[in-house]
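The next part holds the structures, each set out as structure tokens.
You will see chain A twice below: alongside chain B first, and alongside chain C after that.
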Partner chain A sequence: MTRLAPLAVLAGLGLLPLALGTNPYLLNAMITTGILIIAAMSLNLLLGFTGQLSLGHIAFFGIGAYVSALTSLGFDVDLGFGLRVVHAPWPAAIGFPLAILAAGACGWLVGRLSFRVRGAYFVIVTISFAEVVRLVALNWVELTQGPLALTGIPAFTLGLPGLGTWTLKTKLQNYYLVLSVGTLCYLIVARLVGSRFGRAMRGLKENESLALSVGIDATRTLTIAAVISAGMAGAAGSLYAHYLRIIDPDVFQFSTTVTMVIMVVGGGKGTLLGPIIGGVIFGMLPVALRPVMAPEAQWMVYGLVLIAILFVVPKGIVPGLAGLVRRRAGPAPAPLAAEVHP
Partner chain B sequence: MAEFYQHLLNTLVLGGTYALLGIGLTLIFGIMNVVNFTHGALYTVGAYLTYLAVAALGLNFFLALPAAILGGLVLGAAIELVLLRPLRGSDIDTTMLVMIGAGIVLQSGTLWLFGGVAKAIPTPFPEAPLQIGPVSVSWLRLFVLGAALTLIVLTYVLINRTRLGLAMRAAFQDHDTAALMGVNVRLIYTATFAIGSSLAAAAGALLGPVYVVFPQMGGMAELKAFAIVILGGLGNITGAAIGGFILALAEELGAGYISSGYRDAMGFLIIIAVLVFKPTGLFAKAERIG
Partner chain C sequence: MSAPLLAIDHVGVRFGGLVAIADLHFDVHRGEIVSLIGPNGAGKTTAFNVMTGFLKPSRGQVRFRGTPLGGLQPHEIVRLGLARTFQRTSVFPDDTVFDNVMIGLHRRGASGDHPRLLDTLLGRDGAAERASRGRALELLDRVGLAARAGEKAGALAYGEQRLVGVALALASNPTMLLLDEPVSGMNASETQVFVRLIRGIRDDGITILLVEHDMPMVMAVSDRIAVLNHGRLIAQGPPAAIRTDPAVIEAYLGQGSAAREAAHRAAAVRETSDA
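Moving on to the complex of A and B:
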């Protein structure tokens, strides 16, 4: 039963475009939601499993987007001191791993800095980091075009030897690309959380002194988690750049981080399915609210919903439902949440 | 050299309001262990209350500042009573997330009510700046500096010379013992959050007329307040006051001599420097216990 739930979700998401038809507006919302869910899964790795809240997660996402876009567009930058860097355009598929590497490196930097101290520091460092990255994207016009945006970013081209190449131009193709990457990320997170490293992460979250006493290197564990999480967010950013094919400094908006946080907290932090269920609900909520409300009123609703969730189902929707099912079924097999969060 | 003196003068004006922001945030963190993500929104609210009072209601400019402070006080008390009091005892992450939610509601509420167009607050001060030797300063900025310094001194007196302040300091050191000694800790929490919020609103009310007022102005102010608080040491009030002036100096010099586009990045550089060289902040005494 519990083993089947993720497969059922995957099958449901895979068949969704068939059920809903190919309404471009809806499909677009589903793709951006899917990309945000990948970012939310990466955020969950930190927030849910190590208990560290990254409020600058959009920075890693945006860095991934910019690195991937610049790799495929090429650039010509004068660094001063007679240093000039010229980069000829590379295929978009190379930008994807580079985005992961660059974002992961930034995650390492932020982690190394802020995990020297516990408490609110990581939150504050990540949120400020995101703001600085936004300022760089806005002001380093030579590289990023500043507010004029990077345009004409090529779509992904997939090539299989002997089978030719596909350029993923249609929305449907992009939807399945996002779904595939998302599935991969889910498997990575699931594998990681179940491993020895995952137990170290959760040990640190539950009781740091105890974890330290059994020989877990706290700073190292947290930093590695931050690197993986940031890299995954960078992958989501790369998908975003090559799907939208235009990127401007507005990708670094704080509100996107908040959306990810709501997805994770609403769905259930520290559960594998939480960010996906929460992501589908809160990613598609604007679609439902759009006909009835102005955007700023929608944001008020988002804020109120976040508060309401924390007051009513502080553990999130997935653990809440799992608890409900367990009570119905009596002493049934272990619920979803218990798999990773005993 | 005249340019340098001008930067120093600007630092004083800016630093005063930054200090107010930082003191409010560090007070709330130190006593309540709450990372207040409504701080920026309350700064915005303070600015809009001033705008409302002066431009819409035609109130005297000098009455607008107390009105904004009062508004911050009431709103802060309401947030504490409705959102934080029921969550007392839950972990710091939960309160942080609830505060983020409340901050979003306040900010998007401001956007909804007033629209996204920036507004200017008219002031009764003469346009011509005051010339002091090689430097010049507008009368409005001088008033902002004076008001900020007055408020800093008032806060200092409140915390160090009054019974309420004594109770706040007792709750800061150890809230259980304070409760045993007959301190109404619940009331102290409400008072602390209200006072911290009113300081944010005051900073907004003071800087609002200097620049322009817009719904997103609080986001950057909040980040700066975080930088100031980390610089001064979390929960350290004197540290926050000095930190405010240090950040203002870094911004003024950074904008003046490096690049004005990166003025707002100085706070982050300060955070990094503090974390690398002195993670407990410049003015840390002992770590908070409990």
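Moving on to the complex of A and C:
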């Protein structure tokens, strides 16, 4: 049952556009929600599995978006001292991996800076980092156009040798691109948390001294988690830039990080499906609310829905449902032989 | 005598003006079971924390197999083969007993045959994972918790959590094991089983140093006992000698009791000679 649930979710998401038709407004909401879900999954890797709260996660997302956009647009920047950097436009498909690398490198930097002290310090370092990056994007007009925004970002072009190339201009194409990247990210997170590395993360979260005493290197483990998490957020940012094809420093809005945290906590942090379920609920909520209330009022409903969820299932929707299933199935069985010797 | 396995060389620990350990100097040799005892606050757990890198000594040094441990992190020290258990929080509470041991198998000894991260992502860690699962079951069997494998470690009885702690420490494949109050929370029969377990571990070639308050258990299991009081070593020797050491009796029972004990013994000697 637990093995089939992700496949059912994937099949459902794959068929969704066929069921809903190609209403562009709805498809747009689904694509941006999907991109946010990828970012939420990356946040969940840190918040849910290592217990470290990154409140500047949007920085990695935004860095991914800007790096990918600038790679495909090209730039001409004067660094002073007679140094001038000129970059000719490259295909968007190269921007994508570069976005992952750049965001991952920033994750490494932030992780190194803060994981020696952890906890509240990590929260503060991530918030400050996001703010610094936002100010750079806003004020380095020569590179980023500042508040004028980077416009005309090309769409992704996929090429298969012998089969020709496609430029992903339609919403439907972008929906399936996001779904594919999201599935890949899900598989990566699933592999990680089910492995020796995942056990090291859980050990550190549950009892750090004991984890150290069995030989787990805390700084290394948490830094790797931060790099992977940041890289994944960067991938989401790249998808965002090439889908919207215009980005400005508003991508660094703090409220987007808050939305990601709400998705993770509402769905169930530390679960694989939590960010997806929470993401669908909170990502699609504005669509449901738009006919009845103004965007500002929607935030209040957001809050109320989150409170309602956490009131009924304090650990989030997925752990709550899992508990319900377990109670219906009777007491937990002793370890299955299949689990121990697969 | 051969070089000691663990050498505590004039170690001192101060927290600001508080002297937790004034001057600790003793050795543990390969194959021994040594107990470190002393009244509450004598500095026993502090000594453990220094030996395993959780605390830096203010002076002196600890050497394990001749390697000075100064400047090494806890996770580096356990990789040298010096493992420990904890007094209170000896488990990962939210994981099953089986998964606890799987987390403990992080290093899987000195062989270093654990999968790399890239292999994990590509799904090439199957063989290593199977080997870990097999080893985890062996370890649970060893400490007598095989039947509890599927239960949440945090829900176990206190004494059983101690056993999980021992399994976790053994998972790192150590040369020497430091046990911090391993039988606290165990009843008499559980303690008896535990003593057998400790002897078995020693017979497998693992040297043991333990801190414990349960005196009958300490007397039964130890080859040698070191007594700590007010951060200073006041006696060491075989159990029979420690039992009658005036300084030890005084430390535990207070001043004057040693004199009373001596008078008692003198009286007993007189009685027997009268008879």
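By our rule, the second predicted complex is superposed on the first by the 321 of 342 C-alpha atoms of A that agree within 3 Å, B and C clash if a C-alpha of one lies under 4 Å from a C-alpha of the other, contacts with A are read in each partner's own complex, and residues count from 1 in each chain.
Quick note on the criterion: contacts are C-beta pairs under 8 Å (C-beta built on N, C-alpha and C of every residue); 3 or more make two chains touch, one makes a residue touch a chain.
Bear in mind the structure is a predicted one, so any value in this text is a computation, not a measurement.
A.B. asks: For A:304 in the superposed arrangement: first (chain B), second (chain C), both or neither?
C.D. replies: The first partner, chain B, only.
A.B. asks: What is the contact status of A:113 with respect to chain B (first) and chain C (second): first, second, both, or neither?
C.D. replies: First partner only, chain B.
A.B. asks: Which one hits more chain A residues, chain B or chain C?
C.D. replies: Touching more of chain A: B.
A.B. asks: Taking the superposition as given, does A:202 touch the first partner, chain B, the second, chain C, both, or neither?
C.D. replies: Second partner only.
A.B. asks: For A:265 in the superposed arrangement: first (chain B), second (chain C), both or neither?
C.D. replies: Only chain B; A:265 stays clear of chain C.
A.B. asks: Pick one for A:124: touches chain B only (first), chain C only (second), both, or neither.
C.D. replies: Only chain B is touched by A:124; chain C is not.
A.B. asks: Could you say whether A:212 touches chain B, chain C, both of them, or neither, answering first, second, both or neither?
C.D. replies: Touch partner of A:212: chain C, not chain B.
A.B. asks: Mind working out whether A:191 is in touch with chain B, chain C, both or neither, as first, second, both or neither?
C.D. replies: second
A.B. asks: Across the two complexes, find the residues of chain A that touch chain B and also touch chain C.
C.D. replies: none
A.B. asks: In the complex formed with chain A, which residues of chain B make contact?
C.D. replies: Going through chain B, the ones touching chain A are 29, 35, 83, 86-87, 90, 92-94, 96-98, 100-105, 107-109, 111-112, 219-220, 223, 226-227, 230, 234, 259, 261-262, 264-265, 267-268, 271-272, 275-276, 279-280.
A.B. asks: With touch defined as at the start, can you tell me which chain C residues reach chain A in the complex?
C.D. replies: 52, 54, 73-75, 78-79, 83-84, 86, 89-96, 98-99, 102-107, 114-115, 117, 120-121, 123, 125, 128-130, 132-134, 137, 147, 149-150, 165, 168-169, 171-172
A.B. asks: Which of the residues in chain A come into contact with chain B in the complex?
C.D. replies: Going through chain A, the ones touching chain B are 47, 51, 53, 55, 113-114, 116-117, 119-121, 123-125, 127-129, 131-132, 135-136, 138-139, 254-255, 258, 261, 265, 294, 296-297, 299-300, 302-307, 310-311, 314.
A.B. asks: Help me check something: in the complex, which residues belonging to chain A touch chain C?
C.D. replies: 188, 191-192, 195-197, 199-200, 202-203, 206-207, 209-218, 224, 332-335, 340-342
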